[in-house]
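Naming follows writing order (A, B, C and D), and every chain is counted from residue 1.
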Amino acid sequence: MMLVPRYLGLVWRDIVTLSCLHRFLLEFLGTALFLSVSLSAVLMLPAAGRPRSDLRSADIPTNLSHLPADLHQSGLVLVSLACPLQVVLAFGLSIAMAVLCVGGEVHLNPAITMAMALSLRLRLWRAALYVVGQFLGGVASAGLLLGLMGDVTPVLNQVSSGVQLYQAVAVETLVTLQLVLVVMATIDVPLPAVVSPLVVGLAVSLGHLVAVSVTGCGMNLARSFGPAAVTLNFSNHWVYWAGSGLGACLAAVFNDVLLRPRWRRPGDWW
Amino acid sequence: MMLVPRYLGLVWRDIVTLSCLHRFLLEFLGTALFLSVSLSAVLMLPAAGRPRSDLRSADIPTNLSHLPADLHQSGLVLVSLACPLQVVLAFGLSIAMAVLCVGGEVHLNPAITMAMALSLRLRLWRAALYVVGQFLGGVASAGLLLGLMGDVTPVLNQVSSGVQLYQAVAVETLVTLQLVLVVMATIDVPLPAVVSPLVVGLAVSLGHLVAVSVTGCGMNLARSFGPAAVTLNFSNHWVYWAGSGLGACLAAVFNDVLLRPRWRRPGDWW
Amino acid sequence: MMLVPRYLGLVWRDIVTLSCLHRFLLEFLGTALFLSVSLSAVLMLPAAGRPRSDLRSADIPTNLSHLPADLHQSGLVLVSLACPLQVVLAFGLSIAMAVLCVGGEVHLNPAITMAMALSLRLRLWRAALYVVGQFLGGVASAGLLLGLMGDVTPVLNQVSSGVQLYQAVAVETLVTLQLVLVVMATIDVPLPAVVSPLVVGLAVSLGHLVAVSVTGCGMNLARSFGPAAVTLNFSNHWVYWAGSGLGACLAAVFNDVLLRPRWRRPGDWW
Amino acid sequence: MMLVPRYLGLVWRDIVTLSCLHRFLLEFLGTALFLSVSLSAVLMLPAAGRPRSDLRSADIPTNLSHLPADLHQSGLVLVSLACPLQVVLAFGLSIAMAVLCVGGEVHLNPAITMAMALSLRLRLWRAALYVVGQFLGGVASAGLLLGLMGDVTPVLNQVSSGVQLYQAVAVETLVTLQLVLVVMATIDVPLPAVVSPLVVGLAVSLGHLVAVSVTGCGMNLARSFGPAAVTLNFSNHWVYWAGSGLGACLAAVFNDVLLRPRWRRPGDWW
């Protein structure tokens, strides 16, 4: 009878420490920084077709007379206006730089926090606090971009037309599984500072290489939720929650049971 | 007379240890993870021309009126729908991340396992076991993609039309030689964890830069065999076996005889 | 009354030391090297449309008959003449290589020097001296390119048409904030040599991914000022000063107050 | 009178040691490996327009009906057949992997060997021996490709039409200067194995970003000389010798006099 309030009191005292609140602040600031940079990179892609971002004169051959004659005659030619790798690099680099800026221990991704809590590496109430910080950071950066640019629809995570929803969930699960496995591997191995954020950035880039043309690559609920909350567009939004959650659970099981088994002694689990 | 069964008994007892079976599991899981991610990245390339993967609206300038007028008048213009570097990066990153996830000692490539066995760094029966795990991983991931996407023909390794078969074998040999040499170099030098998988990933990317337009870049028999077995399409499949085998043999000889000679004392070879 | 000249004398004696003058020389040489390489990479982009840089025959399909027939019939086709990632990589790599060449402690960017001075990590007169060296380096490299190529207009930092000035300032602030935060993080953590320049290069690349299509990506006043001074084209030039300054101030505050607080004891600030 | 033969005898005895001959072999093998991989990557670029390298079906949208309707109507569209970054990455990665394979101390570039000899870090006759090995490696790999592919004209280093020769020499000087400075910086600083080859690879990539559209990017006389010797096409070949030589001299002076001065005591020079 007295146990519940006492338990809640202990939780509360664990949360209102300076280190825990600072970590909450870091999750918020890191997610906001990461998403402000990466989403504005996507918004400002020359190929996004918005009249605001006219192409710079230096980026386009305004004088095409120097092309070989046979190209001209055949009526073919072209300039690459958009490279799909820009999105891939923008997300990978921005997460790496954000983790580096705010310190190497932050998660900046609810799926990672969830896998940590599931594998008993993190207390549940701390995990909840971090996730709240991440979602607040996502909404804050999406709101900032909405105020600055007037429109954040191009950065919404949406299932591409023609893609079945079960395919979208499978792809999201695969890329989240891969990302969380990499994060857990970098945690279990002692690494020099800086290396871990860069490796996580590469895993994020890989996820975008796979999923960006199918689902826009959620892989991070804070990234999916921010623009959706700001534009109130939640169509098929459950896909990102399902894929992220499944991927995080699978990764926790794979890592702790199959890849680096911890079943030798029951005590190893705590 | 009694020697053969005794020998087989010793082999058997070496195999059914926990560490050896765990390594078999790691080779299987690592190859399956690596190929699921990289092959799905290739399958989902916007330019693969399948109706399923309609281009996302954010990736294409649906409103082209902001282009310079002279471009419009000349009838030229364009958008890069596919960058060949996406395939290059997807394979390099996915092998790096998979090696990182399952632990830095796995091979995930029959050519590497074969070179290790040839250079007497690995017992023959263990090598056979690892190769079986790799092939199973390749078939499993190809089967998974077949079930999910309904078609894995675009990821088949095929010799491009116009390429002579001896050219294809030569290119496969060159890229495999290069990859196995890099792996042997990273084994012989003490390296911080994480670095070795990333370097191997760069070597895989380099191989794809060279060979992807000629043979689709096999370089890994598990990658070549998986989609071929699932679609039962084995046309010119011997090219990948010949190139991989030749490359692995050449690499073992180059590394141990020319680059880092081990001939000083006969005992160094064991 | 006697204090000012005595103070100036102390400053003067701190400046005319060999180490301080050598550092001034390094800032000058490093900025000149970095900008010579990166700006000439931008000037020589095939797509810049200048008659001088005819495309190399090997880079273009002069014989297009090997394309699939349906592509020909549909009148579509294409060659990527310019990849926006070239600019991104050229700036990131050239700053990384320049910092590596001249030694890991140089700034090569007035925004970084300013943030160091603001956070009391660097004496004010030294900061001023470094900034002078950086601006001289920027002007020297722009002058060199002007003499060699005859025109440096394509490398001018200009706000793209259609972009509001407050948007340009916001974007410049964001990318400078991100860059300076990364630099401060690499200074506060002990890192192996070589790693820090590469990480800063990645942050510069990320900034260009975000801002290159909006403002040409200043992020470095020496880079913005050099070409502007040589061509005497200062239209909207204040945008780069405002963005750089704001970003540096915000980064110093964020880093020292929020991310890695130094408020525990007043003495920590000196 | 007796001094010259005695001196030559000493030189001879220094050369015919196992370590010196092994290093000669490494320079030969490393250069041959590096150029076989990088030049074949350039030869096999899809956009090189040779009938041999038909585009793979998976790389091109043979069915374009899934493109947005307005793109079709406007008659515009496109696929990126060639990304200029492929050449940039192929050279950077192949030099990094080759240095890694044959061991971190090799030069694989006459300009680097020359700068080492000039700065008295390497004995003159050893430098000559290494350079001979590098040239032999370049010719061997060009001959191999000629035999395999039947034509190596596309990989010839040639000054692009419209580029003045003094501009070509200046660009070659700049990129060689930059490369040799980076190599000297990585030699002077103690680095973990593997890092130095990767950094040199990045410097090579940066050089190609700058120079590939102007001179094809020589930067390495073994790379320029190999294809030229095999095809007997030496037009404007002096440009690469002049640029490489100038760059190496400048780099040696810059590094030892300005960046990391060694003038404190005369004895530091030996």
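The definition used in the following text is that a contact is a pair of C-beta atoms (placed from the backbone, for glycine too) under 8 Å apart; a residue touches a chain by one contact, two chains touch by 3 or more.
These numbers were taken from a predicted model, which means no experiment stands behind them.
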item	value
Rotational angle, Cα trace of chain A fitted to chain B, multiple of 5°	90
Chain copies touching (chain A, chain C) - same or different residues, decided at half shared	different
Chain A-chain C separation of Cα centroids, rounded to whole Å	27
Centroid spacing, where centroids are CA-atom means, of chain A and chain D in whole angstrom	38
Interface hub residues of chain C, defined as touching at least two other chains	45, 51, 53-55, 57, 60, 62-64, 66, 75-80, 82-83, 85, 162, 192
Complex contacts: residues of chain B adjacent to chain D	42, 45, 47-51, 53-55, 57, 60, 62-64, 75-85, 88, 154-155, 158, 160-163, 167, 170-171, 174-175, 178, 181-182, 185-186, 189-192, 195, 199, 202-203, 205-206, 209-214, 216, 254-255, 258-261
Complex contacts: residues of chain A adjacent to chain C	22, 25-26, 29, 33, 36-37, 40-41, 44-46, 51-68, 70-71, 74-80, 82-83, 85-86, 89-90, 93-94, 96-97, 100-103, 148-149, 192-194, 198
